[in-house]
Amino acid sequence: MLDFNLANCLTLAVIVFLTGCYGLLTRRSLVMILLSVEVMLNGVNFTLIAFNHFLWGTHEFGHYLYMLSIGVAAAEAAIGLGMTIVFFRNYRDISRERASRLSEGEL
Amino acid sequence: MRGTLLSVAPFIPLGLIALHMFTRQGHAKLAAWTQSLFGLFLAALALPSFVSDAPRVAVDGFSMMITGSGTVFKTALYLDARNSAFVLLLGLCLPIIFVFIRPRTEVKPSYYISANILIGSLLGVFIANSLLLFYLFWEMALLGAYFWIGLHGQRREDTPALYTALMRFVLITLFGSLPMLMAIAIVILPSGDVALADLGRSISILSPELRGLAFWGFLLGFGVKLPLVGLHGWLRDTYAVAPPACRALLSAIMSKMGAYGLLIVLVPAFGSEFGTWGPTLMAVAAAGAIYGGVVCLGRDRLTDVLAYSSLAHLSLVALAAFAGTRGDASDSSAITAGIFQVFNHGLIMAFLFALDDRISVDGRGILMSEVGGLRAGQGRLTALMLVAMFAAASLPGLSNFAGEILVYFAAFRVSPWYTFAAGAGALITAAAMIRIFHHLFFGARRGNVVQAADLRIPEVALGLAVVSVWLVLGLYPMLFVGPVERAFATVVAGVVP
Amino acid sequence: MSEVDLYNGLFSACAILIVVFSLMVVLARNPVRSTLLLIMSFLPTSLVYVMLKAPFVGILQVLVYAGAIMMLFTFVVMMVNPRPEEGELGHLRGADPVGTRLVHWNVLGALAVAGVVLVTLVRKAAESLPVGAEHPAEFGELSSISRMIFENPMENPLTVSFELISFLVLVGIIAAINFSRRDPSQKKGTP
Amino acid sequence: MPPYALASLPVFPAATALLLALFGRRLNVKLIGTIACLGVALSFLVGVGFASTVSGGAEASFSFGPWLATNVLSANLGFRLDSVAFAMVMLVSGFGFLITLYSVGYMHDDKEPARFFASLNLFVASMLILVLADNLLLIFLGWEGVGVCSYLLIGHYWKDAGVPLAAYRAFFTNRVGDLLFVLGVAFLYAHFGTFDLSGLAAKADALSADSIDGNSLAAWGALLVLGGAFAKSAQAPFHVWLPDAMAGPTPVSALIHAATMVTAGVYLVARLSPIYALFPQIRGFIYICALVTLVIGAVLAVVQFDIKKILAYSTLSNLGLMFLALAADSPGAARLHLFGHAAFKALLFLAAGSVILAAHHEQDVRKLAGVLKHLPITRASFWIGCLGGVGLIPFLAAGFFSKEMVLESVAESQLTLGSLVVSGKALSWIIMGVELLSAVYMFRLLGYLESKVPGEAAKGHHGHAPHETSVTVKLVLGILCVVGLGFGFVSAPPSFGGMGKGFYALANAGAEMPEGPSFLHALPALVVSLIVAALTFSVFANAGKRAKYEGRNQTRGLLAQKFYFDALYESAVFTPLRALGRFCSAIVESVALGGFELMGGAGETGSGMLRRLMSGRFQNYAALLLAAVFLMLLLLPGR
Amino acid sequence: MNAILIAQLPLILGFMALLVVASLRAKPRALLSTAISVAALGATALLLQYRVPTGETYFGGAYVISVLGKQIACLCLYLVAGAVVLTNGYLEKVRAQQADWKLVAMASALGMVSLSFAGDLATVFISFEMVSIPSYVLAGFSQRDPRSNEAGIKYLLLGAVASAVFLMGLSFLYGATGEMHLQEIAGKLASAEGGQLQLAHIALMLILSALFFKTAVAPFHFWLADVYQGSSLAALTIIASPVKLAVFGLLFALCNGPFVALANVWKPALLLCAGAGVLIGNVQAISQSQIKRLFAYSGVVNASFILLTIVADAPGAFALYLTTYGVMTTGLWAAIMAVGTDHADADELKDLSGLAAKHPLVAVGITVLLLSYAGVPPTAGFFAKLAAATELLRHGTELPSWYLGVLGAAFVTTLVSFFYYFQMLRQMWFHEAAGVQPVRQLLWNHRAVFGASALLLLVLGFVL
């Protein structure tokens, strides 16, 4: 049984964040990578609310930042998905291997 | 009046640049005349400093705050007997270089434009009275040389790869000047841009570590330019690929930037550092003299020998500079000796490189192992070259002789044995120079170099004028030494603000 | 069962669910399933938010995040129709349905190490923190939040950020429109 | 004469030198010669004008003011004419004049006479500066000056094989000496605080050998200056350049490499003798070197076939003799021999020049055999010179008394070097042995030249027998014969009834001439020499006997290699130095630059390694990003 | 009335106007859209400069007007205006939509302004995103160019991660202090201890990481070269300078504002990163053959120098460096735009060969730019570097003693930078033209921006 306290909440957030990181590092499809970033953001958002609740209960700044965060996430998602579509149009595929043209090239 | 002329002087090369911009092709004759006139102007500007009681001339330009650092950038020029020596040297070398050395084929105006960038910057280095302005000109000189060499350097099969050499030149030079910039940054820290004469006062309030850093930074910057042995990696190939006029200017004047730095900027200010490091550095200088001489012996090409002889001779200048260990008035003679040697060496090298270029039709560096007996076709050139070689070997009656004695005696007080070693180096150098001279000019005619025509009478006259300078200063060196020493004493005494 | 125990139990359950769902999101082979699993993970999250006295945020999480943004993802996933992961690599196709082959042990190991370090770091900090003040009434409710955001706009520090986010969304829209456009020059080329 | 006239002494020849160097190209030989003679003659005349001053025991001095005046050193451009200097001035300008005059004839068909005469004049000027200078620095000016002129004149026939090398060797050796000299001067200055000759002498006189540390600055200075003097005066181990220097025109050999320049070292050390008197160890060193030179010169002179080389080795030997006198702390004897030697050796060289000229530049004595009978004046000169060289006839030949005096002084001294002590008597026996050798080589030469069977060159050219052509050559030979003969009288000590006392006083600043040898005392040696000379002459004047000797000639390795000195220098100094030069210029430079290149290479390698990180793959970048964030967190203190 | 609002009004109105124009006409005239945006940007800049009093706070502390903030905001606005001017005649080439492009650029500019003045965490966060997100869009703007698309996606994905990290940092900072306003956070941090301090430390590092990523400070710089390479030159005029500059402004404001109490933590971190930057950036730049990639690494090096000014807490040097860097970079992209052909940009270094023979003035101009990059006097780049060095030295006593090592490394590795800058000079000046490189007709706007920046660099060191 986990105590409902700040430490555990933060631990949960970190674990979720790292789960997102795992997806970020292993998934092939661009959409999945974007999705993993959303998981990470979810972890981050969790900390905001947790801090607000456990430490600074007099105002709702954490809540406000959370709102901004989902706004930003929405915009990022929209643009990212738009680019993914363009990518798909260019390659008929959205595997990240396609997206490694830009590099230092051969020595 | 002289103040006005002094402030005008740095702008004259700009005017010359503009002049050449409007020509479609490099105009050798025009350049010879204009540069010679400019040289005369510089000589006229500098000479009054050698009249006793000539006042020091100082011009302050604008000064401004560098936004970021809260330090002040000042533009100020000065002229006293010490830097007049350098200006005079520049003035005298210009006619030699541009009259004797003409490009063999038609060149673009960029030849003279870059040359004038270099010349103007050299002048600027010598007359700047604030550290930042000094550094500004210092770097500009590098740029001028870079473009001159890059655009008009020698791309022959018998020279090293032009761009490799050029890159090496730039990088090694900067290997010195970047630490120097750091040193300048340290020095201007407390009170903004400083006049050269105030350097000592300005560093006296620095912490020991910073002071040490500044010292080594400056030393590296000047040492590379000079060059001190070990820092001379740029020397050979740069000289080999540079256009002949540039080569002459490099050896005669540009290397003197380093000497100027050591003699006028560094030594008077960093007395205590030199107290500690002076003897060690003298050992380095002595090693440089020997090493330069020994390498001279191993070179087959006159150009290379001249280049390395430069290394050896400038090591003597460095020896003099490092012998001025205490940085007070009693050391003025070491500095004076150094300045005197700078003047002598510059004139000699300009002349030698100019003559070297005039030997063959295509300007190819000739190999001593393949060519000989050149005197038969070029009596006048040989005669002048012989005198110049003698001067370089510091034979008596010529100014280098007096200079070298002064250097030896100044250095002797600090360390007899390093002096001895340096002298041995100079000896080997002289031997190597005379040796290659013999192989090339004497004996039976060998090799199939297409010799150029002998010097013309006006050129001989110019050459004799140069020789007469050596003679006069050789017989009566006090003409030169006296004023310089007085100027130094004035600065050390703190009379000059 | 006291209130505290209730909270603890609820939190424990939600935490396990969140972690499991999140893991499944990143491990699922099929992107559509991933998207749906992410929405699933949002539900216990929003429940915890409510427990954290942030009911409005909990609602937003479900409404906006799960409802809007994730729909966007689903649409795109449907549109580009990616093959069930690692499509390019033939030997993976049809293998292990649970997607165990997706597990990159080196990445997992590195993240585990990082996780241990980070969690220790964070817990150490969190455990030594003082307990916060009492929550005022209406804390985290819509009325309180709207007052915070919209009260006295010219002197309200949140006005700026709130207005700016509209620009941000506008940029997103403009970008999306731009990306959805066909190549303008091609149009020019074809009458 | 007013003191400022002193200044004009070097100025005259210097001016004519300048004139000839600049404008001489277009003029003909006679005019050039005239101008050159004029310059030297004026100096001579002005010098003579000082005779009255000097003979009164007074000194003339003149200073232009400071030449160099700084904190570290101050030296005047000042001349001082005491009687010693006066004698030297007379020697230099007198012989200078005569030899210049001689050269007018000798060089009549030369292609570059202007260069020759200009250099000759410059030499006289430098030599005058050297002898007139009142301080060591100014001496150094002249010192280097004569070296340069010597170099220029040796290289006069620059097209001929071997000439450039000879000139180069002379230059190099002299430069080594010059370096030692100037450093020695620096040491002396550091110790005594003055450059002035008189000042130095006075300060040294005030000291005694016991009161000064043998390891002091002064000792080092004296040693280094001695090195300079050795190089200039061709003492072992610096003697190798002198025989090579014979590549120059013969008048040059006469003036520079016999009469004047090579004796500059003797002059200098004699001037500084109060200092050397303080250091018996250094004098021991001089003994050794001078003895070696003495022996080497004499031995090698015996085996040479080049007429000038014979004379050159003889010069070496005689210079050794002078240094022996200096080593015995008897500068008077050294000076006396300096003058005596100048008289007969110049005569011999000029006579040899006459021979060479007559034989169309043939120098091999075997080919020149019997040539003298066609050349009457030259013949007389040779005989007088050779007799002087051997010191056979007291009153008629220049070298007799001076050699005797050297012998005396050596016999009275002793050699001390380290723990080695040799009595002067033993040394004097060696010297006497060498004197016998001198009889051998001189009369061997004379025997060849007087041979009945003429060599190729003596047979003449195009049907003409060799003959003396030039008036000036004959004139000068004639004058020098008189001088050579006269000097025997002039140098003869009172015990022989000669004028020696006066001359000695003149040449030694009024010093009293020591009691010379009695005739009886010298007689045995004289007789022995005479016998040896006669025997030698008879052998070499006879072609048949000579041939045997010549046949053996080829095998003598040690002598043919000149005691391996050249080979030693070549293999121990020059070859390693050149090899080092090549090594440095090829390897060290490349390695040094290679270090630079290596740095560049390291940069490229690093660049390549970093490149591999930049794979272009998104996930790698993401991993890098997360890793970097993690690293940043690890930076936190007090985890 | 609210001065800052008025100052921003032209920008907002311009944005609206352009939006209207764009939606009314399918293909608005390029010149019209340029005029509208330049007018809007310029007006805002002027108003900011002359009508907004320094030291004021607006919107209850959401905006705090500082001298440095004003300088950076104006600088960014001018640079964006320059970038917009440059798009004329270039966007057609990369087949990008004129109005949309400018809208995005203006939104970005708005973000830069708010970022410069941001006074609370919310504004900081949203402005940061306002600056970032348009730059992703711009990087991937040329949708038909796969390279551009790839650059956009890479930039966006990594940027999103960075945003998450940033937000995490802000969250921890909020957790540590419970405040929104930076000034109050500063107060709290000054007295923070125990868990609060630990949280603040974590927050600091996370925030630094995110900002370092955005400004491409080593070791967060790996994405830069790829993004530069893929983006069009027009996008680079925004991404490479104003965006970075604005974020640097934030970095300065945060470090020397609220985080001043944690200086013992962030100063070593910044110094370390600066040291790493000069080493890695310079070394990596050596082997580049493409202009854009080369200048990406050069950007890494310059970022390190900017860090040094931040460490030295020297707003003057900081502003000087930013200005110089901005002008250099914009000038450089303008020059590269100018020398491209009608169909392709000059990508490779060797595409520049023989330039001096064809267009000597352009070559001279590029030379000035390169010299400024290299830090050769009398260009502004020199004074900027000098100022950075002197200021760091001036504050040396407050730093760990190895700061001299970092400074030394910065100086020594500058040597390496000379290597590649001079390689470029060599290509331009000393080489014959290689292959087919017809330089197209120089457009007036390219010429103007490029010339102006070259001239500015020559005088900037003296007048600023």
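First chain written, first letter: the chains are A, B, C, D and E, and each begins at residue 1.
Keep in mind that, in the parts below, a contact is a pair of C-beta atoms (placed from the backbone, for glycine too) under 8 Å apart; a residue touches a chain by one contact, two chains touch by 3 or more.
On a predicted model such as this, the values are computed, not experimentally measured, just so you know.
The chains other than subunit E, kept in their positions, stay connected through touching as one piece. Between subunit B and subunit D, the least number of touching-chain steps is 1. In terms of Cα centroid distance from the overall Cα mean, chain B ranks first.
Centroid distances from subunit A, each centroid being the mean of CA atoms, peak for D.
Comparing the CA-atom centres of all chains against that of subunit E, the greatest distance is found for D. Per-pair counts of C-beta contacts peak for the chains A-C.
Subunit D and subunit E have CA centres that are 78 Å apart. Between the Cα centres of subunit A and subunit D there is a gap of 96 Å. Averaging Cα coordinates per chain places subunit B and subunit C 71 Å apart.
Centre to centre, using the average C-alpha position, subunit A and subunit B are separated by 65 Å. Residue positions of subunit B touching 2 or more other chains, listed in rising order: 171.
The set of subunit A residues that touch two or more partner chains comprises 20-21, 24-26, 33-34, 52, 55-56, 58, 62, 64, 68, 72, 75-76, 79, 83-84, 86, 97, 99-104, 107.
Taken residue by residue, subunit C touches two or more other chains at 107, 114, 118, 121-122, 126-127, 129, 132, 158, 161, 165, 168, 171-172, 175, 178-179, whereas all remaining positions touch fewer. Under the contact rule defined at the top, the touching pairs of chains are A-C, A-D, A-E, B-D, B-E, C-D, C-E, D-E. Interface of subunit B with subunit D (complex): residues 168, 171-172, 230, 233, 236, 291, 294-299, 304, 308, 329-334, 336-337, 373, 375-376, 390, 393, 395-397, 401-402, 405-406, 408-410, 412-413, 416, 419-420, 423-424, 426-428, 430-432, 434-435, 438-439, 441-444, 464, 475-478, 481-482, 485. Remark: subunit C residues 4-5, 7-12, 15, 18-19, 22-23, 25-27, 31, 34-35, 38, 41-42, 45, 48-49, 51-54, 56-57, 60-61, 64-65, 68-69, 72-73, 76-77, 79-80, 82, 85-88, 102-104, 107-108, 111, 114-115, 118-119, 122-123, 126-127, 129-136, 139-140, 144-145, 148-149, 158, 161, 165, 168-169, 171-173, 175-176, 178-180 touch subunit A in the complex.
Subunit D meets subunit A in the complex at residues 608, 611, 614-619, 622-623, 626. Considering their complex, residues 2, 15, 27, 59-63, 95-97, 100, 103-104, 107, 110-111, 114, 119-120, 122-123, 125-127, 129-130, 133-134, 137, 140-141, 143-144, 178, 180-181, 194-196, 198-199, 202 of subunit E touch subunit C. Residue ranges of subunit B in contact with subunit E, taken from their complex: 64, 66-71, 73, 132, 135-136, 139-140, 143, 146-147, 150-151, 162-163, 166-167, 170-171, 174-175, 178-179, 181-182, 184-186, 188-189, 209-210, 213.
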